[in-house]
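Got some structures for you, see below.
Heads up, the next two complexes both have chain A, just with different partners, chain B and then chain C.
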Partner chain A sequence: MTTTSTETTPVIPLPGHTAALLTGLGALAVTASSLMAWTWTADYPGDLTYYGSPAGLQWLALAAGLITLLLLLATQGVPGLRWAAPRHSHNAVLFAATGSLAVGWFSAISIATDLGGLANLEPGALVLAAGSLLAVAGALGLPLDRRTAVPLRILDKRLFLLVPAAPIAWFATHAIPEDKPVAPVLTALAGALAIATGAVLLVQLGHLANSWLRLGTVQRPLPAARELPSWAEVGLIVIAFAVGLFAITFGIDTEYGELFTGYLLLAASVVAALGRSGLIARLRALTVKYQAVTTGAAFAAAASFPFTQTSDQYTSVATNILIFATVALGLNIVVGLAGLLDLGYVAFLGVGAYSAALVSGSPASPIHVQFPFWAAMLTGAAVSMVFGVVIGAPTLRLRGDYLAIVTLGFGEIFRITMLNLNGTTGPKVTNGSNGIPRIPDLKILGWDLGKPTTVFGVELGRFSNYYLLMLLVTALVVLVFARVGNSRIGRAWVAIREDETAAEAMGINGFRLKLLAFALGACLAGLAGTVQAHVSYTVTPDQYTFAEALPPNSAFLLAAVILGGMGTISGPLAGATLLFLIPKKLEFLADYQLLAFGIALIVLMRVRPEGLIPNRRQQLEFHEAAIPAQPTGDGVALTKAGA
Partner chain B sequence: MTTTSAPAPAAPAPGPGPAAPLLDVSGVTMRFGGLTAVNNVSLTVGRGEIIGLIGPNGAGKTTFFNCLTGLYVPTEGTVTYQGTVLPPKPHLVTQAGIARTFQNIRLFANMTVLENVQVGRHSRMHQGLLSAVLRGPGYRRSEAESREKALELLEFTGLAGKADHLARNLPYGEQRKLEIARALASDPGLLLLDEPTAGMNPQETRAAEELVFAIRDRGVSVLVIEHDMRFIFNLCDRTAVLVQGQKIVEGDRETVQNDERVITAYLGAPLEGTTPVTETDQ
Partner chain C sequence: MHDLPQQLANGLILGALYGLVAIGYTMVYGIVQLINFAHGEIVMVGGFGALTAYLALPGGTTLWLALPLMLLAGILVSTLTAVAAERFAYRPLRTAPRLAPLITAIGLSILLQQLVFAFYPDAKKARVFPKIPGDPFEIGSVAIQRSDLFLIAAAPLCMIALGWFVTRTRSGRAMQATSQDPDTAKLMGIDTDRIIVMAFAIGAAFAAVAAVAYGLRSGQVDFRMGFLLGLKAFTAAVLGGIGNIYGAMLGGITLGLAEALATGYIQHLPGMHLFGGGAWKDVWAFVLLIVVLLVRPQGLLGERVADRA
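And then the complex of A and B:
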């Protein structure tokens, strides 16, 4: 891992100010196109047929164009806008322009394919496509931060044998009559070959583009921010969270898959662009300075989400996201801090939910009691914790892979036990696969969460109420995680994760602390489960499986933790949000939904192995070369060998 | 002391007098199946002493160490620290007051230097889960205390400027120092160093020597395994030589250096005439 040398040169040399001019023109065209009609018929979702009134994807194009323009002007040093690009890197402009390109071409192609032909594109779409292309071409002419040399990587030559194989298989499927028994096999084979060929070509294309573009980062110190009065700095944090709330609300509220895909494309490139421009680093410095304000602002932003909604349609999604995210955060204690791979974690959510359901007063529950909510919550958390200890005590003597296998087994045991406690194969407790239905709505201090309530003149529906309740639970879990993670116990967990033998030699009772992590994680998941039981009216065993197409399940929980960033708070929250939304919004892909989801996961792990929001340690672990504060290259090599 | 093996642990139990040794190892034997790695080794470490343990590769030095620190339960024999028999669990041994470093550095690579030392403080703090969540005054006091102690130890080992670095990013010599600082954080009465100068250059070795003397001056006894003879003989009050699992000699510099069995063990027996001494000894 040697640090590569870098330079600041354009990819396409253009004379004088042409590059900036082209980019500007392109961005303007994209912006303007959002005010034009993209197609002639209202058949395409969102109705993009009006002049002067953007809708759906057109809003995304408007945002993309404006952001590109803003970053361009900022890097050109236009007074009053320079705050937007403190690092002064033109790569930011390129990323934003790429966002325009992605949104623009995705829209145009999706309109043409949905409606069946290029003829369905109105001038607006053509302006958009041309403008975004122009913007990217221009941005490639700007002085970009690049590595001086990137050797071209060629994939294993045998892989390219797929390229002729795929069309042969395709022809074969068409040559053979459909009633032959081999026909479906051939079709499947041709499909698999086509996908594999596509993957190989895409990866090779990526290598080609990489060696041509050679994009990199030139280490420039972030110039000191202008001194602002503290109220202004706090104001900036509030504005940033307001923008964040708006962006996330937009994502949750996307009504059709095309819009969500466009949104994801734009969001990814804008985040990358703002990262390059240095704006995110600025914001992070501010949030570190005003931690209490930041926490408050984040909570306020989350709490104000139901007030932006007019129906229960998306608050129910948001409530389920919160449940999923809270459980993921609990799992992060077990996996991220203590390093125990738990593949059956969803069982603890189930234990909490079943406990709450049994004492909820549901007519289907064999125990005819109705606990007040606080007692039900404590019961759920306590029962879950007991289960955590009971399962953990024998299994935590195992390490690594063995632990993963055993927890996977226990997760399934829970589900099957719940199925069998149905009165015929076992005592009648859970009604087997029918589950416990008709769980009544919660009443807290006379507030019936099932009925709409009016707060500040806004009517909040049932799911909004549960959303707010769940938000409190999430806040509690965040508090516990933050405080325990940064304490004697949390340090001991990380030490066990790093090297259990050394940790024991430091006086840490490894078994006891691992059991503590297991129990705490179980307890927090159980807490979330008690709310989940009431939100979803019914608890059934098949809600708590190892893997399924929809979250929450153990596999998705683990993915949320790893994808988001192990050991952090915001990581699993962000990871859970994405993992919940992507399958939900990609339903229009039908049969290809899981395939697309799998590809998205692979790409994400390839690009950011440390997770979306890595903790400092992990970032250092995966991108060692990029860290400036190191003694010498030799020292690192030596320590790596020695450690 | 070493001769009276059986009744010795029981006798000084109520209150170890000033003459009683800090660590008393009597007749420790460790067998792995048919292999006897450590054979009936007895050793005492007094207060404020620096004791060396040398021997060729594979002599059983590290196995002996692991018997002392609870990683292995000795097949025979007892290890007594301050008059009480040590429990066979590493964390309880540390709790009792024996800290160790490892032959191949085992730092918590992805924690910061300061956090590493604070982990070493674990057994001397008592804040549990609940107090960490509630963050009462007692918790904050103990946390501040641990931080202060850790910083003091970093100052002591010369790592004060690197508190916020990741342990993995330290150069090799400083990683060794950090391991020592981490071990000292548990306020041990006895520090076990397993080859502290392995891989160090002569200057670093001399600095390590100074560090061990400074540790002794803090009132901590030291038992050190080493290959570097000059290091051992400069440092130690007494040195024991372990060959093929057996202690063949123990004494000061002259005794060990002039002992023929030691020379044989390290350099091989003279070509002709003399019979190998170790064999007759057995």
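And then the complex of A and C:
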């Protein structure tokens, strides 16, 4: 086990209180700039031309400035604010200031490039840019937690051959006459070389910065919290979830790509800052203490989302996020708990959706029956589960890799079969590529989900109704995940995942339990599929592919699980939300989205294979050497085997 | 059943193509126990490499001259890609948990597809690949496309060369040793890293040959061609017994024959008249995979699969 020694020193030595003063001034400037005009014309989305009334990106700057200021004052020990930084780590201030810098400079650059030139920046934007730079410079002068030494990493030297190669390729392409058919190919090649060179240099620059800053994962101990009466602690949880709901609603409601990018930048740095300050750890301790309250608060926060919306525009997005997230959570049982790689999971969603569509009473369905919804749900789940068993039974006896490829094949075969069952190349069941259209809206106990309903004086549209229905399904899947995951079965799955031979030696029937996990996963996906069929009116084979630019598809589902964190409940939900919103909001990425996605998967596996919200056990597994053993409640050090 | 010889010939040729791709899966799997999902995409980049060489040649070059150059370019591109992938994506994960390299492979596969899709000019739809012109050869009742001659010549040559390499050369024997027991092989002074790179490179070279054959056959290459081809080839590798190079070719040919026969005759079986023809051939290939896994999971030539935990 390697122990990293740490120190508390500034990166830039500044005399006395200058550092804190500079940071404070910078944060104030950022805050103030949100009340000033950033540009002169309303052409930039959000209309940032007014003094005294923040809009769009200016709200983000306001939040960034205030959070930086709050954390700074808290770390300086200002009475009444110390709760914000229980760890007293100045790194929190630095991260918050970096958030200001990212939002500020992103806004300024985006305005300048969108409108064509720096002349379009009004004083507000300049104050913002200068203020955020000042804040970061000041924060670098604060006594930060740093590692004593970070050796400079140099990339594989052969990679630097790209640096001379890129200009040579560029010249070579210009030497070739443009009318040759190969000329565009070479141009593309030269472009690719240039991008690769840029990436190599950027990574090397990152290593340089890392060895200069030396900000590592330095964890300060969290001082014991002051005892509060339990109503106050419950109140804190409720407030935290209200803030969370507000933040997520803001993200879903962002109207243009620039605002969403700024939102992502700010959210990432604020989460990092609050993590360093210790606030998140405090909150987590509270949620562990009041688990029932937390679950209730989370559910209530999610259920109140439609009430914050005035139109169906974003509730439809939210409904699809829920479907995606629920399926990702189902996949997490298969991948995260049992360690079975399922690459065709979306096919089970498709099986559920098609089953529900066939018995929905749609005029296009060859089966002219209309099941009540509960029966359709059971049908979808059952058919999905049967397919899960049929696929799983022969493959799960073998090494896990076989399952991966068989499920990949199944996903593809499902799509092809649905295309073929169109009456000309096969029996007429699914209408081929046209799919099954006009799936009627659900009626549950006389409640027509297709019609707007009024609850507490708020009119809920069609998608709001489905959102609430889907939330129930999500809750069910969460419940199943939590209960099964902590049961004897769940522990057996984890044991199989870690070492199947050892698990079998302990008397676990590996094959039966793996089949159970696989079938359960398939069943839950089928359940979500039955709702999805009704939400989207139409089921077509092309909704269920392996990799497509828009989720849900098998690759994105897997990515949601991995990005979020395998084996956790909140991980896939967060991962799915992110992976759904990013392609939705950043449409300019369209052509390069899957490209970025592929790169992200590779990089993630190398850098942070445990995901954004790691399972404690998984984190130990992936970073066995890096994490010092922490004493647990009963005084026994947590090891990988004992976790 | 009068067209049986024709169907058999079609199946044999298609099977040889699957077999060439399957070699790549089987060699890598035999040595590092990794299913290289990106291998289908290695085939695809090989095809585009060959296409680039064709485009670079002056118009009107005879295929006798162009074909070797295209082959060379394809092999170069796919080998470089595979070696780079091994070095920068797979090697750092060699001791990581089992799931990590598999996911990396999926990422790599998507990345390669999208690189070609986004940056290769006009690759958003299929690009035309040259065909060998002329009427098909008639041997009795069997017609063979001229473009398929390349594959008919290349596949046996490749197999003979590979067989010679693996059994007769020092590197080949080192490769066998590494696949049997990497740790002991290392102790005996074998540079296993080099052997692994070599396995990737040979697989990629075969993939490029397959890509050129595929391009000649179908007259086009597109960025998605590797997906189904890779899936089929993996099926072939499993069918023949994964880890066994002759098994890969045998599995490929079995799969090709099964596909051709299913396409031609399934609809004549009672009650199956709607499940025949080209639309269902992929489904039957997949059903075959499931059946093989159920009945003989070690494959036709494979030994008992021992789970190395």
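Everything below uses one rule, namely that the second predicted complex is superposed on the first by the 583 of 643 C-alpha atoms of A that agree within 3 Å, B and C clash if a C-alpha of one lies under 4 Å from a C-alpha of the other, contacts with A are read in each partner's own complex, and residues count from 1 in each chain.
Criterion: contacts are C-beta pairs under 8 Å (C-beta built on N, C-alpha and C of every residue); 3 or more make two chains touch, one makes a residue touch a chain.
Keep in mind that this is a model prediction, so the values were computed, not measured.
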item: Chain B versus chain C as contact partner of A:163, first or second or both or neither; value: neither
item: Partner chain in contact with A:406 - chain B first, chain C second, else both or neither; value: second
item: Which superposed partner A:484 touches (first chain B, second chain C, both, neither); value: first
item: Partner chain in contact with A:494 - chain B first, chain C second, else both or neither; value: first
item: Superposition-derived comparison: chain B or chain C, residues of chain A touched; value: C
item: Touched partner set for A:341, first chain B, second chain C, both or neither; value: second
item: Partner chain(s) touched by A:364 [first = chain B, second = chain C, both, neither]; value: neither
item: Contacts of A:597 with chain B and chain C, given as first, second, both or neither; value: second
item: First, second, both or neither for A:547, with chain B first and chain C second; value: second
item: On chain A, the residue positions that both chain B and chain C contact, one per complex; value: 499, 501-502, 621
item: Residue ranges of chain A in contact with chain B within the complex; value: 479-480, 483-484, 487-492, 494-495, 498-499, 501-510, 516, 520, 617-618, 620-621, 627, 629-631, 635-636, 638-640, 642-643
item: List of chain B residues in touch with chain A within their complex; value: 69, 71, 89-91, 94-95, 99-100, 102, 104-111, 115, 118-125, 127-129, 132-133, 135, 139, 142-143, 146, 165-166, 168-172, 175, 182-183, 185-186, 199
item: Chain A residues within the chain C interface of the complex; value: 156, 180-182, 184-185, 187-188, 191-192, 335, 339, 341, 343, 391, 393-395, 397-402, 404-406, 408-410, 412-413, 416-417, 419-420, 425-427, 499-502, 546-547, 555, 558, 562, 566, 591-592, 594-595, 597-602, 605-606, 609, 621-622
item: Residue ranges of chain C in contact with chain A within the complex; value: 29, 33-35, 37, 52, 55-56, 59, 87, 89, 92-93, 96-104, 106-115, 117-122, 227-228, 231, 234-235, 238, 274-275, 277, 279-280, 282-283, 286, 289-290, 293-294, 297, 305, 307, 309
